[in-house]
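Below you'll find a set of structures to go through.
In the two complexes below, chain A is the common chain; its partner is chain B in one and chain C in the other.
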Partner chain A sequence: MSMKNIFRSVLLSVIGLSLLGWVSFSFTALNALGPDGDSNLLQWYFDNLVQSEEITASGMPWEDLAVSLYNLLTQMTTVLLSISVVAALIWSVASHFLNIDSPGKAKFYFIYWLIFTGIFMAAIVGIVFWFTKSAAFNAADYLSGSGVTTISAISFIYYFLVYYLGILLGTARFARSSILFGNKLPASDLL
Partner chain B sequence: MKKILSQILLILVLTFATFTVHSEENCVPEFELNKSVLSQAISKDEEKGEVFVFFDQSTTMQGFTIDQPGQNNLYVNIVDDIQQVAENIGTDTIYQRFGSEINTMSDRDVAKVKTPKFYECSGSAVSCNNQFSSIKEIFAIAEDVPEATHIVITHLALQDSQLLASDREAITGPLISILKQGKSIGIIGVMNSFNGKIDNIPLRSGEYTDYVDAESRPFYVLVIGNQNNINRIKNEIEEKHFSNSKDKFKYALITSNPILQNLNVNKLIEENYMPAKLSREENYSFNYFDDYLPIYKFSANKKTNLKFKISDDLINVPGSTGVAKFSINEKMWTTNKVKCRDIKNWNEAKFGEISSIKQNKNDITIDLFAIKPLEKLFRGLRYFYKVDIYAEKPGKSEKEFSEWSVNSSAIEEFTQTNPVSYKTLNLEKFVSVLNAVSSDTFKKTLIASFAVNFELIK
Partner chain C sequence: MKNYIIGIGGTGAKCLEHLLHCCSAGLGPDNLWAGMVDQDEANGNVSRTKILLSKYMNLRSTLRDENIHDLSSESNLFKTNISANNDSVWLPLKGADPTLEQVINYNVLKPEVKGLIDCLYDPEEKMQNLSEGFRARPNIGAAAMLATTSNEEDPFWSQIYKAIDAARTGEQVRVFIISSIFGGTGASGFPNIARRIKQIQQERNVNSNFHLGGALMLPYFNYEVPEENMDGELFAKPEEFLDQTKGALEYYSKLFEYNKIFDQVYVTGWDPLSKLPNFKMGGNLQNNPPLFPELYAALGALRFFSSENTISENQEIFHISKNDGDDILWSDIPNVSNSLNSKDYISQLIRFSFSYNWMYGPSLTGSWSKIKKYQNEHWFKRLIYKNTYNPDTKSCEVGHERYQEIISLMQDYCQDVLTWFTDMQYSTVANTDQKMELILSDFFSEFSPKNVSKRVKIKEKLNASEKNQFNKLINDSKNLKLLNVMNNISYKKIYKGQKGLGVFMDILFRSCEQ
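Let's turn to the complex of A and B:
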């Protein structure tokens, strides 16, 4: 094990994370800018994520209420992306420390990866729940049941993919068999 | 230097004062206050006028003047009390007797009212046996002289024909006019000893019969006039003769408006109309806006208990039929600016029904946000919710007298049971006629308005 290999893993993990992570980054930036009255995003939120009838009945202009929802989504996606990055990097670095001293032993660590990934996914669910269902954010009140389901499903799938691509490229070459489809990755100097 | 400093101080004070006033104005959305004129209507009632006292001279009334062994005779005393009160409450007292027709009484006749002689029939035997007291004529007089107080002392047994068709209209027509002029009708019932003949009891065959075995029977004092005089007469009788036992005394007040007052006009709405716990909520305050609308301001959470309770005593005219049905008119505004100074405009919400109103035995309770619960409102917003409470329908009082009433269809069987205490023919029907007119003339009345202004925080 050399530091060079670890840095290489980190770099590859960052590349893997970036493949899809830029979408989350852009989305966070877009939300951070706040609502724009003419934007399709604002309308999409109104049509798909929130209790549009209740909001209309409250008499409040949606654009005014949306400010806090944008804030919620900015913070939530920042936390979700951060935890995906941290989890992918932790696994990528940790994979170099796995005790794999014979062929086929890497597969034994699949269970380790599975538990680690399970914890990561549980964290994703917990974070989404905290933002959308707890009393932490007032804007959570605006979300409809289907809106929460949509946010949860997209977050669950999307951040898993971000994390997975991060660990797929970042896991130590000798430990790739410990992750799902890791052994399908072609062996080359670059990877 | 001192002058400059004092000028700066003055400017600062003025700026702060303007800012504070402006902030408070922003805390309330723009709306029209439905101010009630109810208290002014009541104050108009105070003028004195003539008093007409009508004595039912039908022969059956004689039974109230003759003592019955073992029974308490209050008729003489009550007639005496009424004469005294009548002399006090009016500018002039005019005594009249009525049977099939109405005649003015001489002073000598007035003195005789408490004796059996006054009720002796001087007409032919046929006319004396077919006496129907012409109560409709009294209502006609009351309509013609609405500013006067009219007191009627009668047994009030009315035949079916007196409560149907044109005879009924002869009662209801003037009654509508009387009630519309803000006057009321008090019915005071007294179960008294009776030693005489109850005549004109209708039989199924169409004939009439008599009954002489009754030892007690109610007589009635009808008072048509303003509520103060009616209450004065009622109190005089009740306090003097029935302070301990109420079972031989009944009273109902029929009025076009059984509402005592508007609670806002008299600024009677207090902090404790809401649960005491509310005053412990953050940022709590209680103030009257425009010297009329009480506003409870606080920070609420989704579990805050908001129940507004008003005692019936503050709403209903004492002894009146009260209110049978209440309604509320509610309006709500929202803003996402929590601090008053930041509020630029309020948005009117369209939540539909928000709260429910419940009438209990002694009070009415408005369960705020019972229909649109606070849990469904959005946190982080400020809400202004204004409620107007209206009386929709007056209550009814016929049940009060049902115990002493018997219908023409049941009076034959009732008489056959040889009752010691005799009931009044068609009393319940008569009271229900009065109630029906009172309901028709009743106008939806604003009783109270209040508002809650809160920020939903948790």
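Let's turn to the complex of A and C:
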């Protein structure tokens, strides 16, 4: 197997990952800086993610809750982005080793990609579930039902797209028929 | 530089067969004119090479057409531009079934000359019909050759005249002759044609730029002659080969001592002799298998043509040997030059033939409705779709007859390559203690030594486990899997100027490189 082609795949996968991944990276960095009392982001969190009544009733200081929520989101997005990057890179490298040795065989490996992607999505769900139900973060206890749903839905869709762009560009050329819309990739000779 | 090769007799034709395959692998010079000499026009060996030569030229001209399909000048596949006369075989004695008596006009000779002829030839030899060659009688062949006209109007000799004229104008010209030292046509043709060429060279005052090389095949095979119905027949007797060879070598020794005819001579023999199971006196049934020593002669010719081969003033005689053991190995195959490794190129051609014949050729065969299932695959889009797309009809035309013809021709040629090498491997060592396992061929071929017309049967289809043996196809070699070939065809760079099916053919060929 040509190492040159594998490195090429890794590079392309990183480019694909960064197309949307930078958003997650920026978001994580923003959360890592901690809450800023005047920020719109903090306001959006309190409006959409947490149960205001319960916080008021518990007597928990809003500032402490904000710090905890920022910590939760920082760590969760870091893990989610990391797992997306790792999954995309694993697939991109592994696609070179799929036994696609004759014309027409690539599409049979779609099932492999489906299983791999299924495991990845399950991991995303598991990670989101773990963080939003974790006792390690006070803020997790005060997330509203709609807040958890919002976090889950955004994470599910967004990190799938990050991962998908990574594997779309990173999959070995001969294995592209084994991923969803892989053979529709424009300028496929350059990638 | 202009290059010419002449294969004389059945052995010469068989050596040409090896040479053609080597040229398709990229071991040959840039250009080559090929001709054969045989009185036995219908000879199976000659016919086989004649057909192969025609296939080579046809495929090459189709795949190196700058307008439609172009492999590009950088490609090694069918690198050598081989040309030939309309009839690539020169019959020294044209006409319907002549006898020696007719050729030399025996009946009108003076009595004293008749007496001389009677001393030199038996009555059977004088009356032997020569349409099936000289039947291992070089004395007949020599007389017949000398009786022929070798003037400039003859299509075969006109090429020699052109070659010598080209040398006179300053172009480097190399002519190479291959034949056996035993037998009839080859043994008589080799010295006589060489001397005639030298004579023309001297007549035209060409003292430089023209080089003559030759390969002489010493005995390397024998066969059992059936005892029945052979009385009174003239035919090549294997038990006489060694005596004939001894006599011929003494003759050449004297000839080369006093006369520098050849610049380089390559001498090849084989011990133990390969045993051929079928004896045929001549004609289309004399279809002997390709044998390993012939590959040496072909590679000798290619070495002679190589630009790295510097020809000295002195006549050089080369000989080659294989290792002492009974195993014939890849390392026994000499390189054409420092930059042309014979094993690498030949094994690449074999892998290409395998991949094309069983993996890619079938995917490209048939109408578009059958082929289109591959249209979304990267290799197909990149190498086939784009290059067979017609913007006028807005469709991929790979299923059209004009493309299908090339696809089918290539498949046919690939089968020839596999048959050639497999047959050589089986037949060289059959019924001897030798072993030859340069390639693993049992899983894709069946060998029937008694079946002259189809000794090797290549399987039409291979199952998955047989296809997986591709990585063991070439012995003594790094593993190259079909997966690697698929990987390579997706990434190998398309050369500038490549067009049509030339793109796919060259990329697949390069993808089979070790």
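Keep in mind that, in the parts below, the second predicted complex is superposed on the first by the 180 of 191 C-alpha atoms of A that agree within 3 Å, B and C clash if a C-alpha of one lies under 4 Å from a C-alpha of the other, contacts with A are read in each partner's own complex, and residues count from 1 in each chain.
Everything that follows uses one rule, which is that a contact is a pair of C-beta atoms (placed from the backbone, for glycine too) under 8 Å apart; a residue touches a chain by one contact, two chains touch by 3 or more.
Note that the structure is a prediction, hence the values are computed from the model and not measured.
A.B. asks: In the overlaid three-chain picture, which partner chain does A:F131 touch, first (chain B) or second (chain C), both, or neither?
C.D. replies: neither
A.B. asks: Identify the partner contact of A:Y142: answer first if only chain B is touched, second if only chain C is, both if each is, neither if none is.
C.D. replies: first
A.B. asks: Taking the superposition as given, does A:Y159 touch the first partner, chain B, the second, chain C, both, or neither?
C.D. replies: neither
A.B. asks: By the touch definition at the top of the document, which applies to A:Y45: first (chain B), second (chain C), both, or neither?
C.D. replies: In the superposition, A:Y45 contacts neither chain B nor chain C.
A.B. asks: Tell me which of chain B and chain C touches more residues of chain A.
C.D. replies: Comparing touch counts on chain A for chain B and chain C gives C.
A.B. asks: Now for A:F116: first (chain B), second (chain C), both, or neither, which partner does it touch?
C.D. replies: Neither partner.
A.B. asks: Answer with first, second, both or neither: which of chain B and chain C does A:D64 touch in the superposed model?
C.D. replies: Only chain B is touched by A:D64; chain C is not.
A.B. asks: Which parts of chain A are touched by chain B and by chain C alike?
C.D. replies: In chain A, no position sits in both the chain B and chain C interfaces.
A.B. asks: For chain B, which residues count as touching chain A in their complex?
C.D. replies: Residue list for chain B touching chain A: 333-336, 347-352, 376-381, 458.
A.B. asks: Going by the contact rule at the top, pick out the chain A residues touching chain B in the complex.
C.D. replies: My answer: residues 54, 56-61, 64-65, 68, 135, 138-139, 141-142.
A.B. asks: For a test of understanding, state which residues of chain A touch chain C in their complex under the given definition.
C.D. replies: 1-2, 5, 96, 99-104, 106, 172-174, 176-177, 183, 188-189
A.B. asks: Using the touch definition from the top, list the residues of chain C that touch chain A in their complex.
C.D. replies: 359-360, 363, 373-374, 376-382, 467-468, 481-491
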